[in-house]
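What follows is a set of structures to go through.
What follows is chain A paired twice: with chain B in the first complex and chain C in the second.
Up next, the complex of A and B:
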C-alpha cells in the first residue's frame, strides 16, 4: 500500500436510490493531474455525467471534494461542490467553514452523491460509520434548525452539517448549500440536492492529515502568515477589510460609481449603506472559518427593529450589502433580513437580488403591474417588497413562482421586451462585480465556464507593478493589466488568473488569500503543496494543472452545446454607459479581448473549442475524440 | 466606537471663493481613523502633484503621508488613491507625480 501524504485516498459513493454506500480508492493519476478538490471534481463530472444526462435526471451527480491541504491551516476549510446545473453548464462553488476538514478527518477526500431518493434523507458520516438516515421531518425546516436538530439527534455537538432549506427543496434556481454557521457555497448545487431529496450531509471525523515534510510546510505557512499580517501586508484591502470587513467595498464602490445600483442602471446610490452604521448598530461579534487568517468575510449580527428582527452569522457581507444597491435598499435592517432569509432558505443572494431588481425595472417601466405582483409595489427602494418577494421566491408563491426560476426564465414568461433588462451570463445572474468599470472583469465574466463566478478569477487587478519581485516571471504585462479600461494585455492576464486560481481551488486554499504580491507570487503555495504531499512539482507544472482544469471544464461545456456566442456579457454593459460615473459602455472592446483570450489559450477563435495540440500538450488526449465531431 | 463616529461626522468643508483653486479629498474606511474625518476641501495653492498634496495633508494629519508613501518604500503599496475628474471615470493612481487639477476629487483608501 502506498503511503499517502495530504490525501486520504478514498472516495465515498452514495447511491440514494438503492441506499447503498461504497468506498473506493482515489486514482493516483487524478491526484497527479488534477491535484484535488475542484480539479478532481471536474474529472469525475466529465467522466460520469455526460451530455445525455439531464440535470434533473437521477443520473446527475453531486460531488463534494477536498484536496491535499484540506484539514491543514492552509486549506482554510475550503471545499468544492460540483454538479450539472439546470441549464447544463457546470454548477461549481467553493465554501469555507469546518465541514471540509471534518470530511478529511473522517477519512474521505470526496463524496459522490448518485441517483435520487424517494423520500427526504440525510447522510450521516462519522469516521467509518456511514448511514443514509430518514429526514422526512426535517424537510421544510430551515438550515439553522436542521443544523440544530441533527446535532441533537446524533449527540455530536460539533458535527458539521451541510444542508438545504426551503428554496432548494422547491428547486429555486441557483440555490446553495449552507454549512454550519452560514458558510455557503455551490451556487446551483443546492437545487440539485433538493431534487435528489438529500436534506443534509452531517460529518464528523477523528483522524488527521499526514504531512510529508512538516518543517518545510511550516516554513511555507509562516511565510504566508507574514505576508498576510495586518502590520506588514502590502495590500490596501487588508486594513480596510480588518476595519470594516467586506463592507469596506461599499463606500469605495459608491464613490467610484461601481455599485450595481438600480439593476445596474447607475453606479452610485443616494444614502448608500454606511459600513460604520452596520458596525455600530448590528454587529455582535466576529465570525470566521477554519484557520482563516482574515477577519474579512463576515460578522455575527442582530437586528432589533421589530419589522426586520433577526440574528445571524453571515459570511457574505460584501455580496449582500453591495447587492442591496441593485434593488435600491438603503436600510441595513432590511438588507440583513434578506441575508438571513437567504441563509435560512439556502437561496443564492445574487440570484434573488438580481431577479428582484429585474422585476423592479420591469415594474417601473410598466411591463408588469400590481396585478402581476399580487399588489406588491415592486419599486426600487421598497424594502418591504424585497423582503416579501424573497419569501415568495423561496416558497414559489404568487409572482415568486415566476422569479424562482431565475430572471432569464422569468423574462421568457413575461415577454414584452423585458429581456432587455436581464443581467445574466450563461443563464446565471451576475455577482455585483462591475464589468464596465474594469475590463478584466468583463472578460473574466464572459468566458467563465460556470457562468458568473468571481472566485475563479479573483482579483481582477494585479498588484502595484513596482511591488512585483524582479526575479518573478509572470506571463502577462502587469502595467497593461492594471489599466482598468484598456483592452491590451487582458487576454494573457485573465488566462493567468483562471489557471492560477484553478490550482489554488484544487489544493485547496481560499482565493481571497491572494493579497498584495501574492496575487502573482504562487511560490509559497507551491512550497506548501510539495511539502504536504511529497511531490516535487515545478512552478510550470503547478500552473499547468490549473490550465488543464480550465480546459477540461471548457471541454465539458462544449460537449453540452456552449460555444463562443455564449461567452458574452449582458446587453446593458455592451450598450449603455454608467451615466453618473461617466463610464462608457464596453461595446466592441469585449470582442477584441475575447479574441485575445482564445488566442493565448490555444482555442479556436470562432468556436472557443480547445485545439487538439493544446489538449495533447495538457495530457487531455481522451477529450480529443469527444470534441472531434463538435468542431 | 461612538467617539470615532463623532469624529467622522465632523466633516470639514471650507467655503470656496471663485479666485482660489481646490481639490476635494475623501477618506475611505480605515483612513478615516488617521484623519478623523471623511472628507475635506484642500486649497491647490503650491500644489501640483499627488505628492504635494500628501505633504500638505501630512501637516494636518501626521502620519498620513507615510501611509501612502512609506520611507524607502513603494508609493501606494499598502494603500490606494483614485482620481475623479469632471466628466471622466475615476482612475487608480500609480504615480506620485500625477498632476492634480482644480475641481478634482481624490479618494484615499
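Up next, the complex of A and C:
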C-alpha cells in the first residue's frame, strides 16, 4: 500500500452506548478524493447518517476531522467538526487551537462519536490509551472549569480539552464546541454533543507528523510567509487584520454604513466601538492559535470595570465586536462580557446576538412587552439587557427559554408578524456580513449548504486586479467580480470561492490566511500539500477536489429535502434598503445571480440538484442513484 | 560577544511556530514533533500566559540568509531575537519605552514591525 505522508491513517470510532472503542484504517481512496478534514467528514456523514436518521436520534454522529497538514505549522490547528443539525442540514464548523494537532500527535486523523450515553461522560485519549470516563460531576460546569478539572484530574498539564458548557447541555440552538479555552467552532455541533451527553474530549499525544519532502515544504512555507509579511505585504489590509482581526473594520464599516446595526435596519451606529479604545484600554498582549503566522490575530484582554467582576481571556475573530452593532452595544466591556459568557456556556455568538436583536426589534415595535421578557427592557443599546439575556438563553430561563431555540423557532411561538424581522437562512442566523453592500456575499450566503458560514467563501471580494500575478489563470473575471453592487460575473466568482475554500478547509489550513494575492493564488498551498503528502496534484485536480466536496454536500442536503427555494436570503435584504447608507435592497438581483451560479455549477436551475454528468465528471457516481428520483 | 537566542516573553503569543520549526530543522527526521524541539512553549493550567523555554546554545543550528536560526525567523511577533547580550539589553529598554507610547507594541516588537500607526488603511475593502 502506498501510504501518503502527513496522515496517521486511523479513524477512532467511539460508541457511547456500548462504551466500545474501535480503531479502523482510513481508506486511501478517501485521502485522494477528499483530502481530509471537512472533505472526509462529508463522506463519512454522507455514508453513515442518511435521511432516515433523526438529528437527535442515537444514530446521528459527530465527526471530528483533521487533515494531512494538521500538526504542521501550515495546518494552523484547524479542526473540522461535522454532524447533522436539528434542521436536517449539515452543521459544520472549524476551529483553531491546539486540540487538532494534539489529536494528530496522539495518532488519529478522525474521531467519530456514535450513539448516545445515558450518563454524562467524557472521552480521554492519551496516545493508544482511549477511555470513556464518567463526567457526572462535570455536567453543568462551564468550559473553563471543565478544562481545569480535567487537566488536574488527568495530571497532564497541557492536555487539550474540547468541551461544552451549560448552553449545549440545555440543547440551545447552534451551540458550539469550545476547544481548550477560547477557540470556538462548529455551530450546532455542541447541541448534538449535549444530546449525546458527551461533556468533553481530552486529548494528549506524543507523536509527530512526518513530511515527505521537507525542503520543498519549507520553500512553500517561506513563499507564503513572504506574502504575509507585514512590511512588504501586497495587501494594505494585512497589518490591520494581523493586529486587530475583524475589529479593525469597525470604523470603516461604520463610515460606509456597512455595520449590521439595530437588527440590520441601519448601517451605522452612534458611539460605535472604536478599535483604538480597545487596544489602549483592554488589550494586554497577543495570543493566537496554533502556528498562526500573524502576530496578533488574537489578543489577550482584561476588563476591570465596575459593572462586572474582573474577567480576562483572549479573543480573535471579533465576531461580537462587529455584531455588537446588531443589538446596539456601545461599550467594549459589555461586548467582551458577552463574548466571555458565550465561550463559557459554549453558545454561538451569532445565534445569541441575532436572536436578541430580533427580540429587541419585536420589543420596540410592541410585539412583545415587559411581561413577556419578565421585566427586562429589551431595547437596542441596553448593554445590561444583552448580558442578562445571554445568561438566560444559556440556562433557558424566562424569555430565554423561547430565544434558546433560535430566532426562527421563537418567531413561530411569538407570531404577530414577528417573522418579518428574522435574519435567518436555512433556519440559522446570519454572521454579521453585509449582503446588501456586497452582492457576492448575498449570493454566497444564499447558496451555502450549511446555512450561513463565512469560512466557506471568505473573503467575498477578489484582490485588486493589479495584485493578481499576470501568469495566473483564474476562472472568473476579477474586474466584474470586484464590483460590489452588480450581478455580473458573480456566479463563477462565488463558485471559485466555494471550491477553493473547500480545499483549504480540507488540507486543512486557516481561510483567514488568504490575504492579498493569496486570495486567488493557490499555488503555494498546492506546493505545500504536495510536498507534505508526496502526491503530485496539478492545480486543476486540486480545485476539483473542492468542487467534489461542495457537490457532495449539496447532494447531502438535497437528499434531506432542501431545494432551490431554500437558497435565499432574509426578506429584509431583499425588500428593505439600508436607510442611512442609501443602499438599495437586493430584490430580483438575487434570482439572476443564483441562476448564474447553478448554471456555472452544472446544477439544475429549477431545483439545484447536481446534474448526472456533473456528478460523473467528479467521480461521485454513487450519489447518482440517491438523487435519481428526487425532483 | 557570541550570539544566542534571547526571549522577550511579554511578546510571546503562544503560537508555537518556534517549537514546531525547531523540531523540524534540528534533526534530520523530516518530522514536526515537539519532543525533538529545543524550545517549548509553556502555559499555566488556565493559560493566562505563554512563555518560550529555550534549551539551546545555537551551536550547529543552520542559519538562514539573514543569519537567523529558524525559530527566530518564524516568530511572528519578534519575541525571539538572535543577538548578543548588549544588543538584547538595548532592545529590552526600547520595547519598554515604545509600549508606553504606542499600544501596538503590546502586540509586536518594534524591531519586527517598526511603523507606528497614525491611521488604519482604508482602501480596498
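Simple rule for what comes next: the second predicted complex is superposed on the first by the 614 of 631 C-alpha atoms of A that agree within 3 Å, B and C clash if a C-alpha of one lies under 4 Å from a C-alpha of the other, contacts with A are read in each partner's own complex, and residues count from 1 in each chain.
FYI, a contact is a pair of C-beta atoms (placed from the backbone, for glycine too) under 8 Å apart; a residue touches a chain by one contact, two chains touch by 3 or more.
All of these numbers come straight from a predicted model, not from anything done at the bench.
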_Which partner chains sit in contact with A:24 here, chain B, chain C, both or neither? Use first/second/both/neither._
neither
*Where does A:465 make contact in the superposed view: on chain B (first), on chain C (second), on both, or on neither?*
first
*asked:* Looking at A:619 after the superposition, I want to know if it touches chain B, chain C, both of them or none. Which is it: first, second, both, neither?
replied: neither
*For A:286, select first, second, both or neither according to whether it touches chain B, chain C, the two together, or no partner.*
second
_For A:485, using the defined touch cut-off, is the partner it touches chain B, chain C, both, or neither? Pick first, second, both or neither._
first
*Answer with first, second, both or neither: which of chain B and chain C does A:134 touch in the superposed model?*
neither
*Looking at the overlay, does A:582 come into contact with chain B only (first), chain C only (second), both, or neither?*
first
_So in the superposed three-chain picture, is A:270 touching just chain B, just chain C, both, or none of them (first/second/both/neither)?_
neither
*Of chain B and chain C, the chain that contacts the larger number of chain A residues*: C
*So, does A:299 touch the first partner chain B, the second partner chain C, both, or neither?*
second
_Residues of chain A contacting chain B in one complex and chain C in the other_ = 235-236, 239-240, 243, 248, 251-252, 275-276, 279-280, 464
*Where on chain C does chain A make contact in their complex?*
10-17, 20-21, 23-25, 29-36, 43, 45-48, 50, 74, 76-78, 103-104, 106-108, 112-113, 120-125
*Using the touch rule from the top, collect the residues of chain B that touch chain A in their complex.*
1-2, 4-5, 8, 26, 28-30, 33, 74-80, 82, 84, 87-92, 94, 107, 109
_chain A residues touching chain C - in the complex, by the definition given at the top_ = 71-73, 98, 105, 144, 147-148, 151-152, 157-158, 180-181, 206-212, 214, 218, 225, 230-231, 235-237, 239-240, 243, 248-249, 251-252, 275-276, 279-280, 283-296, 298-299, 312, 461, 463-464
*Please name which positions on chain A make contact with chain B in the complex.*
233-236, 238-240, 242-244, 248, 251-252, 255-257, 275-276, 279-280, 437, 464-467, 482, 484-485, 516, 578, 581-584
